[in-house]
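Below: one structure, written as structure tokens.
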Amino acid sequence: MQSSGSLRPIVIPGEAVGGPGLKPGPGTYSEGGRVFAAQLGIRNEHEGLVSVIPLNGRYIPQRGDAVIGEVVDIGPSHWLVDINSPYPAPLHATESPWRVEFGDTARYLKVGDVIMCHVLSVDEIKRVQLTMQEREARRLTGGMVMEISPTKVPRVIGKQGSMVSLIMELTGCRIYVGQNGRIWLDGDDRSAAMAAMAIRLIEERAQAVGLTEAVRELIEREKQRRRGPRPS
Amino acid sequence: MSEEIVSELMRAHVYRLASTGQRVDGRGLDEPRKVSVARAFVKTAEGSARVKLGNTDVLVGIKMSVGEPYPDTPNTGVLSTSVELIPMASPTFEAGPPRPDAIELARVVDRGIRESKMVDMERLCITPKEKVWILFIDIHVLDYDGNLFDACSYGAVAALASTIAPAKNQGLGDDFPLPVEHWPVSVTTAKIKDLLLVDPSLDEERMADARLTVTTDENGDIRAMQKGLSGSFTYEEVKRIIETAQRVGRDIRPLLQSS
Amino acid sequence: MEDIEHIEKEMKLIDSNGRRLDGRSFDELRPIRIEAGVLRRADGCAYIEWGGNKVLAAVYGPREAHPRHLQDPARALVQCRYNMAPFSVSDRKRPGPDRRSVEISKVISEAFSSVVFKEQFPRTSVDIFIEVLQADAGTRCAGLTAASVAIADAGVPMRDLVTSCASGKIGGVVCLDLNKDEDNFGEADCPMAIVPRTGEVVLLQMDGHLTYDEFQKAMDLSIDATRRIYEMQRDALRRRYSVTLEDILKESPPAAGPVEPEAEQPREEDFGPEGI
């Protein structure tokens, strides 16, 4: 059984995080030759870089990210997609998987449609473009979508996908995790609900040690509860 | 998802689940969320209560002062209710003068309290035609996760129930607790297609076609009603909703009364 | 009204032994309690009780700045709205911003503007909301202190927290952290806010009468106090996120009945997210 008392150290903005020979990585900044945390998070050292893995924060799009978005507006040659980021993200008709005539965009995607797509580009002033030309891109139907803090996405996925695979295996629900914190649960309502519970647990306790155990236990308990009391 | 628009996918999911009698948070269709009440939260107010309905969080403060009555009701105290949808409670709330939904909320909460005669306003008359107690109910919405009608009403009722009139300060004798005689409880039901859901959560509210708030008193009598949104109810549905409001009201009432 | 009534004749705000009306000495802070993450919708938030003050602070952002013509193409806007609830003061305050609230909103916005990494988020706005639920003097200091925690809670990148405190003069004596009566009947009040690591002063206001010497005494008291307050801010943020497996299991009591037999259990290390 995992040691239940171990904590991972949390640093706050302005705290010194540097060390000999360490260069400033994401979540940090340098001043006067020293490195400090820029965000509330967990200090991490990797290959000569010291970084802070934030515990919270908005989704900042990066080129290549797979994201789940919702169409919130339509123009004659593009759709505007909400990807849970400070920046609106247009999807141009030419980046869609269809041949769209000018003005005919509403035929393919309506306001309220949910899509899986990728971030095509982000320029220097953070203007974002989306694309649906990658293989997995499509309009989503069925199942349910949930939203978690984007900073928790790596934990939900796990090393080489191990955590998300565990949940899929235990619940029988297919799970697609967007880098923007949106997750599509593709299964019947019960398995989707169980998967959602497990993901919420990970979101709330992301940096706790022994999380895998807890997820496993939570899903088992839920299955028990649904099975009902056993006959004596 | 998007702050304003509920996706088609989630609408379908919520409806599918609800058709089997279940909701996204595990509740049954007729089940309200957990209500918690913390009284006397604010010492600068004559009465106050912080109410959480699920994650919807509302703080109500009651301030009392002395002033002139309204000319058409010279022997009764004055009741004034206002709701502030402060911007921190939701990304969709903006700073500024009260919008129509804030005004509607305040008026519906006010109606429930006034028409049920929760506080006998005639007992708040000091000198007829000249001097009466003025009761301000200020509702501050702190966190919005659906169903402000009920949360605000519960907050106002719980706050009034623990209000002490500052008579000593006004040279009008000893401080006294507000004379509370009736207990209005508001219960709101949302209609999504053909399904009725009690105490709608945020998503359910954003998907709803119609909404009906019913305020009943301790005898099950109706004291206030408000239908909202652009859909409609059948008469049968209205009756069912009233019966639910009476039943759920009975369960919630003890939580609002002073402990 | 009641304040004036009970402090009518020259009430001594501080006696010959250096004891104030509430029992504090000249350099004592009122009790402070800070809690982060108390609201659900906001991106970050914190609640503070400071003496008789109860203040809630919340942050949304960075988010798209509206209206568009106010957007800055090179950086985020940092905007704070300070507001007092009608029931937060003895004489009910009408809802809506008054001139005092507008001024306080401005100086607090400017304080945070100097620590938030604005250039990382062009065309957006970091919106900070401070809501005073119960007031007892020093609300802007309490609000600012809580808002710092809220901004960090929201994950908005910043150079450091900002810590705020006020000192003033009562009965001729320079004192730390005036309460409502002391502020109303004292001779000066001087709220300030600093960046703890560097000591930069990002908010400074004063009204009343202080000699240059007295001002320095007041600042020294405040700066010293901010060290203690900073620890409380840090503690609030750490508490928000520190959990152990015990806590997780405590929240969901085990169901009765046997658990299905498990396949071989993989080790915890295998499931760490990349890079952690």
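Letters A, B and C mark the chains as written, and numbering starts fresh at 1 in each.
Just so it is clear, contacts are C-beta pairs under 8 Å (C-beta built on N, C-alpha and C of every residue); 3 or more make two chains touch, one makes a residue touch a chain.
In this text, all values refer to a predicted model and were calculated from it rather than measured experimentally.
Should one ask which of A-C and A-B has more C-beta pairs in contact, the pair is A-C.
Innermost chain of the displayed assembly, by C-alpha centre distance to the whole-protein C-alpha centre, is C. In terms of the distance between Cα centroids, chain A is separated most widely from B.
Mean C-alpha positions place chain A and chain C at a centre distance of 30 Å. Chain A and chain B have CA centres that are 37 Å apart. Touching two or more other chains at once are residues 63 of chain C.
Interface residues of chain A, counted against chain B in their complex, comprise 70, 72, 82, 84, 110-114, 140-145, 147, 182, 189, 192-193. Residues of chain C touching chain A in their complex: 43-44, 61-64, 73-74, 117, 121-124, 152-161, 195-197, 233-234, 237-238, 241-249, 252, 254-257, 259-260, 262, 266, 268, 270-276.
Those residues of chain B that touch chain A in the shared complex are 1-2, 4-13, 16-17, 20, 22, 24, 26.
Remark: chain C residues 1-2, 5, 39-42, 45, 52, 54, 56, 58, 60, 63, 81, 83, 85-92, 95-97, 127, 129, 131, 133-135 touch chain B in the complex.
Within the complex, the chain A residues that touch chain C are 2, 4-7, 10, 12-14, 27, 29, 31, 36, 38-42, 44, 46, 53-58, 86-88, 125-126, 151, 154-155, 157-160, 162-163, 166, 201, 205, 207-214, 216-218, 220-221, 223-225, 229-230.
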